[in-house]
Structures are given as C-alpha cells and as structure tokens.
Amino acid sequence: MWEVMQKLRAPLLPGVVALALSTAYLIALLAAEKQPLIIGLLAFAVVAVLAAHYLGWLDLVSRSFADREDVLGVYAILAACVVAAFFHDNHFVLLLFVTVLLYTVATLGLNIQFGYAGVLNFAGASFFGIGAYASAVLSTYTAVPHLLVLLIGGMLAALIGSLLLLPVLRTRGHYAALVTIAFALLLKTFLEVNDVLGGPQGMQVKGMSILGWSFNDNFEIGKIEMSFYLNYFAVSMLLLTGTFVLVRRLERSWIGLNLDALRLDEIAASCFGLDIARWKITAFLLGNFLIGIAGALFGMVGGFVAPNNYTFADSLIMVSILLLGGIGNPWGLVVATFIVVVVPEKLQTIQEYRILLFALIVIMMLLFRPEGLLPRPVRRYFPGWRA
Amino acid sequence: MSRIARQLSFIFASALFVGALVATAQAKDKIKVGFIGPLTGGVSANGLGGRNSADLAVKLRNADAKAKYEYELVVLDDECKPNVAVQVATKMAADKEIVAAATHYCSATAIATVDVYHKFGFPIIVWGAVLPDITYRAKYAEVHRVNGTMINQNDANAELISKIGFKNVAVIHDTTDYGKGHNEYFSKAFAKLDGKIVGTFGVTADQQDFTAELTQIKALNPEVIYFGGLTPIGVRIRSQMDKLGIKAVFDGTSGIVSDAFIQGLGPLAEGSLAFREGAPTEKLPGGKFFMENYAAQKYDNPPEAYGAFSFAAMDLILDSIEKVGPDRKKVIEELANVKERDSIVGKVTFDDHGQNTVAVITKYVVQDGKFVEWDNSEYATGKRKLPGQQ
Amino acid sequence: MTYLLEARGLTRKFGGVVALDNLDLAVVPNEIIGLIGPNGSGKTTFFNVVTGLYGAHGGSVTFDGADITRASSPAVYHAGISRTFQRSRLSLPLSIFDNIMIGNHKRLNQGLWFNLIRRGEFKREFEANYGAARTLVEVFEPQLAERMFEPVGGLPMIDRRRIEICRALINQPKLLLLDEPSAGMTHDETKELMDDILQVRDLNRNLTIIIVEHEMGVIERITERCVVLNFGRKIAEGPYRQVAVDRQVQEAYLGVE
Amino acid sequence: MDVGLLAQYVMNGLMLGMMYTLVAVGFTLFFGVLDIIKFSHGDVLTVGAFTALATYIGLRSAGVGSTPLLLLAMLVVAIPAMAALGMLIARYLVMPLRSAPALNTLLITLMLGTVLRESVRLFYPQGANPKAFPALLPTASINLGQFNLRLDNALMLAAGVLAIVGLQLLLNRTKLGLAIRAVAQDEETARTMGVNFTAVVLITFAIGSALAAYAGIMNGLYYNEINFGMGLYLGVIGFAAAIIGGLGSIYGAILGGFLFAALQTIGTVALPFASAYKDVFAFTVVIALIAWRPTGLIQEKISERV
C-alpha cells in the first residue's frame, strides 16, 4: 500500500484546498475585532486541525505539498497577496503581516545553522539588530541606495558573526552555547553604552525609497487609498520568496546533505571526507547573512532601532519559533511565526501574559512533541521525483 | 490551466466571502482617544497617576450631558522604554479609530515616538516628558506639550545649589536622551555660575551596581552629586552612596519627584533635592477641583507629580474633538490655535512648535519623608542643614 | 613487493596505556586481512590512527606510496580508504540514499553555484548517483533498493550494517576497513553479510579489505591471512589455521600466563 | 592609586565575585551529575529572593520586630522552598529529556526561567516594579582613608565563604558527596555501585537551588533592592563563569566567578574607555578565553568513543 502511494504522484487538490481555507481563515482572524469572536476562531482552528489530522486529511495535504511544492508555492504567494489586498488600507494588520514575513526570513537563516548544520546560535536577534542598525546608520548618514543597504546589512551581520568563528569552531555543546549567548549580551550592552549609535535611546531609520518612490507615503490605486505598508509587504514578500527557494535548494542538494551529516555525526562525516570547518563556516555565515538582511529591512519598516529590541530574550523567541515549527522544515517556520507573532497581537486579553504562555507552550512542545508542529520529512531532492 | 484558474478563483471567493462576513461586524458609535505612559517598571507610579488623571478627564466628559460624543479611553504601556514606546505608538497611530492621544511621561520614549506620530498624522499632547527636543527638534504639527521643558528646572537647580554655596559637583546621568539632556543643561547652567563639574558618569537605565562609579566619585569628593535620571536608579545610587560612606548632597531632577523615591529609600531620602516645572498641584488654579474629583474616583494610586498635566492634556483633546469632530486633521488644526486657554494647570498657549510655556519652577527638598517646597522647608530657614551646607 | 598499506613501528598511547606498541603491519593489494585479538588489544585504535582520528605518537603509515601518518580523516578518505564503525554510525534520521551518498562525498560536486543554481545539471548528477547507489544496494538486499528514501532509523540491524558497508563501498575505495561487521547480529545474519561482501569483492577485484572480527568463523572463511594483536603488539601473523594453533595466541585469548 | 581606594575596589569586586560564584557553583553541580545546563537557575534565585521578601513582609505585618529572627525566618523559608522547586524541576522537566538532544534541555530550562520570571512579574503584587529589600544586617562601618568597610558587607562575604566551604566539605567528606561525585564520574558505574541515581540527581538539584536562594537573599541584602529581572543577568554571568572556569569543577566555578567580577572591576577602573563599557569588556574577554581554552580554564576531560 505505502509503496503504491509512493509510486504515483500525489494530487494537487488537497494542497490547494488547504491553502484556500487557511487564507480565508487568516483573513477572518486578522479582521476580527471582538475578543469572543477571536477566541472562538482560534479554538475553531485547533479543533479543525485536530479533526483533519484524525481524518487523515493532513496526511493528504502534506503529501500533496511534498509532491507539488513548486505549484503550491506559487499559490501560497498568491494567497499572501490576497490577504494583503484585503487589508490594503489597514496599517496595523499589514505591519503585523510584514513582521511575520521578515521574522520568517530571519528564522530561515537560523534554521540553516540550528536545523541543518547544528551550529548553535543564541544571538539571532543580535544579528537581526546588526542589520537594522546598518540600515539606520546608512540611511541617516549616507545616500547608499536602499536595496544595497539591505545587502550591506546582511554582509555586516555575516562579517561581525565571523569574529566568532574561531570560538564557534573550537567549542562543543554548552561551551558553544556560551559563545553566542555572551555575544548577545555583549552586543546589546555595546549598543547601549555607545553614543555614536544612539545609546539606549536608539536611532531613527529613514523609510525605504527606491528610484524616488518613497515607501513611507500612502498611495492611491484608482481612488482607493492604500497603506504605505503595502510597499514593504511587496519587498518583504520578494525577500521571503527568494530566501525560501534558496534554503529549499540548499537542503535539497549535496550541501544540505553535508550539513546534515556533520550535525548528526561529525566523526563519521570527517571519515568520509567532509571538511567540518568549511561547512560550519558556510552555514554560520549564510545564516547570519539572511538574518541580517531581514533585520535591515525590518529596521526600515519599524523606522526605529534600539538596543532593547535585540536582547537575548528575543533571540530565544527566534529559536523557539524554530522548535515550534519543526526544526528544519521551512513550511513549519512560516506557520510557527504566524502563531507567535499574530495570536498575541489579536488576543488582547492575553497580551500581558503572552510571554508566559509562549514559554509554557514551548515547554509542552519539548515534553510531548519535540519534533515540532510540522516535523521535517526525509529529504526529497526534487519534489515529486520518482525513480 | 483552466483548472488552476478555477482553483484561484476559489481562493479569492472564499477569502473575500469570509472577510466580508467579519468586516460587517463592526460598530462605530464611540469616539476613541488614547493614553500612553509607563504603567509597569520603575516609574509606573507616575504612569498610573497620569493614566488615572486622563481617565478622570474622560469620565467627567462622559458624565457631561452637553458632550456631543461618548468617549472611550484606549490605554497603552510604553514601559518607559524607547523600543516598546515606538511599538505601542505605531499600534495606536495605525488604528484609524483613535482620534488623538495624551502621551508619554519618559522623555526617552517621547523623543523616540514623535516621528511615528508625524508619519501617521496622529495628533498627540505630551503630558510629562521634559526634554526640549520633543517639541523643538522638528516642527511637527501633530506634536504638542502641556508641561514645560527641562531647561528652566536646571537653571533653577544650578542657581539653588550655588546659592547654598556648593562649588564642586559630580554628575551621574542615564544615557538616554533624557539623562543626556539634563547633563547638558545642568552643566551649562552650573558653569555660568562658575561652579565646577568634577566628573561626569553615564550609566544605563537598567544598571544594578554603581559601586565602581561611586568609588571613583568618592575619590573626587564633590559636595553634591547631581543625578539626571529617573526614580529607580536614583534609589539605587542614593543607597549605594551610603554603602560607600559618601556624604555628598543628592541633587535630583523632576525624574525623582515621586512617592516611589521616598518609599524606596526611607530615611536615606532625607535632604535629597529635586525640581519640577509648574506650580505644585494644590497651588494650581484648578488644583482643588482636580484633587477633589480625583479623590472621588478612589483610584488606588495618587496622581503624582504630572497627573494634573495629563488631565489638562486630555481635556484639551476632548475640547478640540467636541469643537471640530472626530477627525485627526481637523483636531491638529484646532490644537494649533490654542492660545491663553484656561486649564487646571493655568493658561495654556502652544507656540509654533506646539510647546506650552511654563515659567514657574518648584524646588523640592525631602524632609521627614515628604517632598517639601524648598522655600517652606527647615533647610531654607537653616533649622536643618544639608551635609556641607554653611 | 609493494604494499598497499604499510605501518612501521606505529605507536599510540592513552595516558599511561600503550594502545599500539611499535606495530608493523603490511597489506598487499587485493588481499583480505583479518585483524584479531582480545578486547583492548588495539585493533580499533589501529583503524582510528590510520584514518586520522587519532594522531600517532611514533612510527609511520604509508598508503599507496604516500605517507598518511599525519593526514587528516578527510585526506585519508580522499586517498582511498573507507571504513565502517564498530558501533554503527549511520545518520538515522536520513534516508538510505542520503547515508550512502555521505560515503560518496568525493565524487559529488560541492560547488555552491552548482548546487543552488544549476539545478538541471545537479539533477543529472543526482540521478546518476541514485542509479549507482541502487545497484550497489541491490547486491546486498534487493528489497532495500525499493526503499531508498526511507529513514535508516526504521531498519533492522542487519540492514543498517548493509547500508553502512554500501556507504563505505560506494566511492570504490582501494582499501576497506571493516570494524566488527558482525557486532550485534545473529550467526546467520553474519553469514549472509559475509557472502554479500565476498560478492562485492568479486565485482571489484582490486578491493583490499582489513577486517576486525571476533567471530572466528568469519575470519576463517573470508580472510587469506590474519594478524593477531595483544596489548598493541603483533604476536602472530599468517593464515587463520596457523595462527589459531599458535600457543601465544591461545594464551592471549585465554589469558594464561 | 590611593591604597584605601584600591581596597574599596577590591571589596566591591569580592562582593560581586561571591554572588557570581554562588550561582556558578549551581551550574557546575547540575552539569556534574547530568551533563546538562539548567538555565532557569538564575530565575530560581529571583524567586528565592522574592519568597524571602514576602516572608519578611508577612512577618512584619504579623508584628515580628526582631531583626535576627526575621533574617532567620527568611532563610528558613526561602532556602527549603527553592530546594523543593529545584527537585521538581529536575524530576519533571530535566530528567524526562535525558535522551533528547542537549539543545532541548537547554531550551526547556531557558523557557522555565522565562516562566518563573514572568510569574514573578505578573503575580507578585506590583511585581513589575523594583522592590525595596530590607537591610537587616548591622551597618556599622569604619573609614580607613578612602576605604569604607561596612560590617554587613564583611558579614555577607563571610557567609558566602562559609557556604562554599560547606559545600566542599559536603562533597568531599560525606557519603552523599561521594555518591554525587561517583555519579558525576560515570553514571553506569555509580549505578552498579548501588548508588540511587535519581535520588542523587534530585538532591544535587536541591542543593544547587538552595544555594541560589541563598545568593538571592544575599543580593537583596547587598543592594537593598530586588526586581524580577535580576536572575536573568546573574544567571547568564553565573553560566559564563562556570563555563570559563570549566564545567563540572567547583574550583572552576569559583575561579570563573571571581574572574568575571575582576574583569568588570578592571573594566571600570583600569581601562581608558568609559566605565559603562565594563560588561562589553568582560564578555569580550570571556569569548576570547573560551576560544583559547574551548573546555574551560580548569580543563575537563572529554574523549569521544569511536
């Protein structure tokens, strides 16, 4: 039976339906104002997912995603655009949405380090911050084109990260954890006491503008007022798509295999010719680069950077998103980021308790479902490929 | 292809349907106005006092039969942290439902958020933050302030301590714009009176241990330690001064004028100096009226030093809305021509930067566990003496 | 005659313990050598030193004419030596195919550009390697070839051993080091496995094998020659029948003084 | 530099170092028996301090006036309470994850720390604000030039030394200590020697957490102020201290603790840049040290079995 199912390519429909439903649901959730309604919607989601799981529908969906990821990916982008279009004049929802997109990019970067290469990085927020500060400084004091600023933000994150390479390569386990944790505190304190970068007061970031098109101004499409956040949505969506494809291809290549091999057993890997240092470095730098880019863009979206945005606690949240989504599974990250960013914002009643609840949820996950919401499936080099 | 098209249309259809379904479930019979202040953290006492005062203004208005609208107060917490402030400010300004707001006790948060308010064209009146730049750095039509700036209070401060006869002062300030501002204006003012700043130390707002800095200060042995910062570290520094046996006078700013300072220190607070712009609430024109109504509401926190300003700010906002209706642009225009307007903190006049000019400065000294006006204190009469006072 | 692998006076200490004591060992091309001896006699240590996991404290190792005494593990692998481990060291969450490809590292294009951008070419390389891996697995167990993309974690011990040996063979090494392939398997399973190994060797005549084994039956059946170690020293050498009756060897095993 | 001033700096440094050490010792104990990092350690310290404060307030309102009695009560309540908390954590969060990757244990304890921290913030009355902590020790002081020695500081220093010496004796002179060291050496052998593994682990966590409570109270008495965030900072520094010292070695923890305090003090006094950079300096040195000695200053033997 299993063999049979393996042989024939899974149908597209389940994936499409799932996408359509979740799009509709997302719109409903984001539009909902009244607390009871929101709570109802969330409860409904939980029940629905569980039901679908027991009816085996989730399995259908995941198989159709596994085999038709390319097509479904395109649909997912369209779905995101539908949501954005629906809220075209609602600043706050769009800001929320953009936040999700950029956090996903960052966690994808972190995922290369934690999920594939097994290189610990508890300073994710710090590298995010480096990117943000880069765009703050560059947009304030220089005329560097803003797309280039994003790139520089990423490179700067990678560059500063490379200062940690020696200790990162030499240490194992908890000793390795200390390196990035110490760095996270170091950087935050540095930003706080350093006057040039605004100290604890932080810095303003100029809004993005490309070829004279200023991202911070609302614009109109045929008399309909559009929120300026739509600009950022567009860029973030592009960035996310690019990152997603990159990470996907990375995983589905010999490099992805190398990273897994060295994560799972360095000794065996080195006995089969793997240059441990080379691949650890690749993963660490590439990851920080992506985190940095996301940070740089997020800096422009928020219009403001301050040391307290990039604390060790924020890094922890990033790591927990990985864990929640299912380490190594990009789709899981998207879902997890949505949950972590959107739910507390909508559920005002828990606003104050959000960090507490979040921590409790992660603890429960670790105890009862350590593989995360969407566990990473076995590597398929080409979706739907059959021998 | 046609299949894909069908699927796409399905996505759209269902999305729009559900969206529309929910969108229809929204009411707009109330007018929302906002308040932002530090409701948690070390200076939460001031934040809650301000919150209650704004709430009082709204309550009184809703009780008033002649009011055109029913008002709902949306309260957000900036934790006195710039980053949090920008988040909540964005959140509030992005919400089209909210017309205007009274915002910020901490200068660090106010200065960080003015650009946000400008970006969203959201009219606000600052009710407690004293950094001049908040209104003067840029010329934003959205930004106004009912309370005065820190410049005058530092002049008064320098004047008093040099009058007492102190010449050598060590400065500790937090490294936010608030602390830096105080350091700048005080040092200027004190230099004018040819006093000497023997050392200046910047400290971060969440620092716990100051023994290292204070030990250095001890070596410089100043007569006065000027502190440009807020209550929490003020308390820490004062008590660690005692640990190291430093006898200098503790000279604070408006940032420590709060009951929390005295509760935190107990007897150690005795003889600490502090300054605040504006007359003490009980001496304000509407002070009595305000205090009585505040008491009537039985809030569990006192209004604190800036409660009256918060009340005045919210009252101005409500007046404007009553006059021009719940429209941000119109409210901004209306606030622009506030001149000689009577309020419980006296006549309010916004200059072209939206800054109200408050000349009066109140000097305080802690005496028997209370902030007492210097001029009525036993220290002024010479009955008691500050350490090193002639 | 020229040796494929030659160790001269190889020495390795752990603190006070001398795990390899001035060991001389030479392997001629295409032979199968059994490395035997009681526990802790230094067999695995020899493998670890040869494959560069441990440094040598004395002596030298030459392989195929080149000195590999100080070579790193990757370098040794690239020189043409593959190994298996006593305690299976497969990557359990990864698929059969992935595990085998780990062994094929030196024949896979590692370029970033190639892997991320030239997906077309990558697909061709992937398909070619899939074919190779599949044929190799079929030699051992045709059913396994149907399950190339299932996680190794779900397989029984014998299949894991097979995969591990496939991983070592896929890059067609000159020398294969087998570290107790029979560990944790029943007698029959072991026999099966040995048949497979011999079969592979028939396909690839210039494969040389050093095998560490406790199952003397195995040694007797497949080795042409064995070397007996005790306390890191070579105490006997020769065909199994000969060393088996050697007094020293028996003492070593029975621990008679 | 003036001798008295120098003495003052040394005194400040010693006080800091003592508190860091008490935390670091906990980390190293846990690592010893289970090879895990229990990151909630710092926040257990916070909870301990708040428990003590609550006890104090409760007794005061009940009319208890005598200072020694109050102090005693705070210790008697907070320390066992935290010991129990430590056991619970070990039993229900740490031990179930023994087979899981080390990352999971690290994360679950980090998250537990968050839970404790947030709980104090949300559920302790006005928990978000700094709380004044009573000064219960005699504050008599002598001035030697620039050096001002306060009796309470001296007492706390002594108390700290006492605690650590006590722990040393416990580990080296008692059967329990033997059992703990046996488990730390090699779990399997310890089991075969008939050591009740679970019991030893639980007791070790109790001891470590008790030390945390002790340090928490000490911190309160020293700064006369506690806040819900104090544990995170102390925890990270304690962790750093334990690591640079070398996990699993008490001496390492002591070395690390005082080393870190020394770094901070030097960062303030002896270096050209502003005193605010002291933590930047300290952590930079920590990273450098770990790069130089990847397994800590007092090396811990690791041998990978192949």
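Here the chain labels run A, B, C and D in written order, and each chain numbers its own residues starting at 1.
Note that contacts are C-beta pairs under 8 Å (C-beta built on N, C-alpha and C of every residue); 3 or more make two chains touch, one makes a residue touch a chain.
Model, not experiment: these values are computed from the prediction.
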item: Maximum centroid distance from chain B, chain identifier (CA atoms); value: C
item: Higher-contact pair (C-beta pairs counted), A-B versus A-C; value: A-B
item: Separation of mean Cα positions, chain C and chain B [Å, integer]; value: 74
item: Between chain A and chain B, centroid-to-centroid distance (C-alpha), Å; value: 37
item: Chain centre separation (chain A, chain C; CA means) in Å; value: 42
item: Rounded Å distance, chain C centre to chain D centre (Cα mean); value: 49
item: Two or more partner chains touched - positions in chain C; value: 53, 85
item: Of all residues in chain A, the ones touching two or more other chains; value: 189, 192-193, 267
item: Touching two or more other chains - residue numbers and ranges from chain B; value: 175, 202, 204
item: Contact set on chain A toward chain D in their complex; value: 114, 120, 164, 166-167, 170-175, 177-179, 181-183, 185-186, 189-190, 192-193, 267, 312-313, 316, 319-320, 323, 352-353, 355-356, 358-360, 362-363, 366-367, 370
item: Chain A to chain B touching residues, read off their complex; value: 13, 16, 19-21, 23-25, 27-28, 31-34, 37, 71, 75, 78-79, 82-83, 86, 91-92, 95, 189, 192-193, 195, 199-202, 204, 207, 216, 302-304, 306-309
item: Touch list for chain D against partner chain B, complex; value: 2, 5, 8-9, 12, 15-16, 121, 126, 128-130, 132, 141, 143, 146, 148, 150, 153, 223-225, 229-230, 233, 264-265, 268-269, 274-276, 278
item: Chain A - residues contacting chain C, complex; value: 3, 246, 249-250, 253-255, 257-258, 260-261, 264-265, 267-275, 282, 378-382, 387
item: List of chain C residues in touch with chain A within their complex; value: 51, 53, 72-74, 76-78, 82-83, 85, 89-95, 98, 101-103, 105-106, 108-110, 112, 115-116, 119, 122-123, 126, 130, 134, 146, 148-151, 167
